[in-house]
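Paired with chain B in one complex and with chain C in the other, chain A is shared by the two complexes that follow.
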Partner chain A sequence: MNLCISKYCSIKNNCFSVNGEVVFANSELSATEFLTALYRHEQIGYPKFFKMDYLAKTGFLAADLLLKGTAFYGDSLKQTMGIFLSNNSSSLDTDIAFQKTIGKEYFPSPSVFVYTLPNIVMGEIAIKHKIFGENTFFVSQEFNDRFVRDYVNQVFVEKDMESAIVGWVELFDQHCEAFLMLVEKEKGTINFTQEIIHKLYKS
Partner chain B sequence: MEQLIAQLKREIIEVLNLEEITPDDIDNDAPLFGEGLGLDSIDALELIVLMEKNYGIKLQDANQGKEIFKSINCMADYISKHRTI
Partner chain C sequence: MSTVYIQSNNIISSLGFTTEENMCAVVSGKSGLHYYKENTLDVPEGFYASRIDAEKLNAQFALISNLECSRFEKLAILSVHNAIKNSLVNTTDSRTLFILSTTKGNIAFLEQDTNNEQAYLWHSAQVIANYFKNPNTPIIVSNACISGISATIVAKRMLTSGNYDTVIVVGADIISKFIISGFQSFKALSQKACKPFDANRVGLNLGEGAATIILKINDKGNCLPKGTITIENEAISNDANHISGPSRTGEGLFLALQSVMKGRKAEEIGFVNAHGTATPYNDEMESIALWRMGMTEIPVQSLKGYFGHTLGAAGLLELIISAESLRQNTIIKSLGYETCGVSHPLHIITETKTKEITRCIKMVSGFGGCNAVCMLKKIS
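Let's look at the complex of A and B:
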């Protein structure tokens, strides 16, 4: 079985790129303001975006724009597509925000609470794109290209999958970073190897 | 009552992050859930918190919510009769 990267994208330093080419950038905004600006620029039209926490917004935007223009974009059910993400800070940014809502008068916010798990970002992506395959969220010190390659290869074999959204979605204290790859079985020109994953992530 | 309705609309937009909706977009009689604003169960919890935090109303029976949150008019009517702050 040969896995390939058919498309990749990144959000880093207030810059959104697809396949290495800058699509939208604005250095004058804060990292979280940039997410809203990117959403409006791409005219996504999904009001629930505004209810998401910043981690979910980051992953949702990156995934939406990764799938845009591909056969996977739209309402078709995707039973053999998976989502495999990782990050460093888990949901700590929102955990802190939730703690603040408890405060002295004790009014914890339900809508903030629901985002106090990092894997919720995958749920938001899966709901929008009707993705029903395997999904796993890992928390690690840094993006581990070797582990990602091995894990994704293994799941493709064991679960008979055809495609997956794979990558890194990190958000903490105005540091925002996403790197997502669309990985497909026998489809694409870039091989899903550790060296290439590392190179694309660092680029 | 009109002042309360206007205030309520602003608070709902803020607390539920309805970024692309203005107070004028919210019909006083339109359903808040399902059609209308299309709010969900988490939004309902947030509205319960709003009632307690801003108006001192603590709902004892969850079933009350169905009637209270039917529309902005229903919510404002209930608040005007039961508010403690």
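Let's look at the complex of A and C:
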């Protein structure tokens, strides 16, 4: 079985790129302001976006723009699409925000608490695009391209899977970095190999 | 055709530090849940939970090591240590992989300092892997309440891919002000011992635990000893519906069950170990998914009345009890159940009894709309 990267995108240093081409950039904003600017620029029109924490906003935007213009965009039911994401700091950005609500002044908020789990970002993506397939969130100090290649490959071998959103979604203290790939069976010219994943992630 | 099987395991909970102690307690109907009054762990409200005795943990840990590490890391290390004690696993081998399953790890460190490297999950995973001198970068799975089963599934796939001979999966979470206050804010906690699937259930109890399974692969067609427990089938699916509430149609769980049950009849399943948190929505959703599968006659239990909800350890801890139940031909009763409280009545087990069984199902669901199902089979 030959897996291909049919499309990829990244959000890094206040710059959003698709297949290596810059689509939108604004160096004057903070990283989190940039997310809102990108959302408005792309006219996504999904008010729930404003309820999300920054990690979920990052992953949601990257996934939405990854699927935009592909057959997977929108709310057709997708049972054979998976989501496999990873990052460094889990949900620590929101964990710290929640911790601040349970100090001397004690007012824990359920709407903050729900985002103290890193896999919530996959839930947000699944809801928007009706993705019912396997979803697993990994944490690693650095993007583990070898493991990602091995694991995603194995899921395609074992399960009835046709496509997957795969990559890295990191957000901590105004440091924002997303790199997502749309992986499909036999579709595209970029092979899903460790070397290529590494090169695309670093570029 | 390769087979992935459980070589060894361990559970540490308020009910004991070995799988045997925990299994004995559960079979005798003993619960590890207790009431903790207001201001425990600096939480203003009292809560019902299952906690591991700090002195006992420190004493047990001191017997194996003088390593300076957190309570969370001690629990995980001790659990792995106990699991490998009677196995021939070489943790220093590059064909042995560690997988850590947790939701919050050392999150309590934020109480002192919000800029603390120890709060990173990879820090803890590395402490654990280093303790056992494992040369590989440990894998961390953090998938809310399904983490333990997710991690088991990841382990099985890494073995099947041929890159490893042994995978050690350890799941752990501890109870902190962070976790209790969050669940309290959700109004998800019961002020009494939880009552999974019961008409009067009002919420869950949290629990502390660590659980380890050592998985091996048999890809040479060797005969496994009678009574060996294998991971026969598994699936993960998302509800694509809501981030904090389960689907009203049980969609994700139904899809995962459908995938795992493909080619099997309901009556082949000896029992279902449900997630059964005892929140009104979770248990209702599970009953809908089982009903859609035509599995309402299969005996069902939740172990939350014994251990509480042990978060990142839950899937593993409950998978181990399920595996032991299969091995010992014992169907464990669901604690706290009296009257049916779900719209599709299930066959809840109200008495622990012996019965010849070959297969069982473990199912879990969590925030983010995730669901996972694992089917265990006993070699006979």
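Note that in this section the second predicted complex is superposed on the first by the 202 of 203 C-alpha atoms of A that agree within 3 Å, B and C clash if a C-alpha of one lies under 4 Å from a C-alpha of the other, contacts with A are read in each partner's own complex, and residues count from 1 in each chain.
As a convention for this text, contacts are C-beta pairs under 8 Å (C-beta built on N, C-alpha and C of every residue); 3 or more make two chains touch, one makes a residue touch a chain.
Quick caveat, the model's predicted, so the values are computed rather than measured.
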{"item": "Which of chain B and chain C A:Pro110 touches, first, second, both or neither", "value": "both"}
{"item": "Contacts of A:Ala126 with chain B and chain C, given as first, second, both or neither", "value": "second"}
{"item": "First, second, both or neither for A:Phe50, with chain B first and chain C second", "value": "first"}
{"item": "Contacts of A:Val155 with chain B and chain C, given as first, second, both or neither", "value": "second"}
{"item": "More chain A residues in contact [chain B versus chain C]", "value": "C"}
{"item": "Residues of chain A that lie at the interface with chain B and also at the interface with chain C", "value": "108-110, 114"}
{"item": "Interfacial residue positions of chain A with respect to chain B in the complex", "value": "47, 50-51, 105, 107-111, 114"}
{"item": "Contact set on chain C toward chain A in their complex", "value": "44, 103-104, 107, 110-111, 114, 119-122, 125-126, 137, 139-144, 150, 153-154, 157-158, 160-161, 163, 177-178, 181-187, 235-244, 251-252, 255, 259, 366-370"}
{"item": "Complex interface listing, chain A residues touching chain C", "value": "79, 83, 88-90, 92, 95-96, 98-100, 102, 106, 108-110, 113-114, 116-120, 122-124, 126-127, 129-141, 144, 147, 150-151, 153-155, 158-160"}
{"item": "Parts of chain B lying in touch with chain A, wherever the complex brings them together", "value": "16-20, 38, 42-43, 45-46, 49, 52-53"}
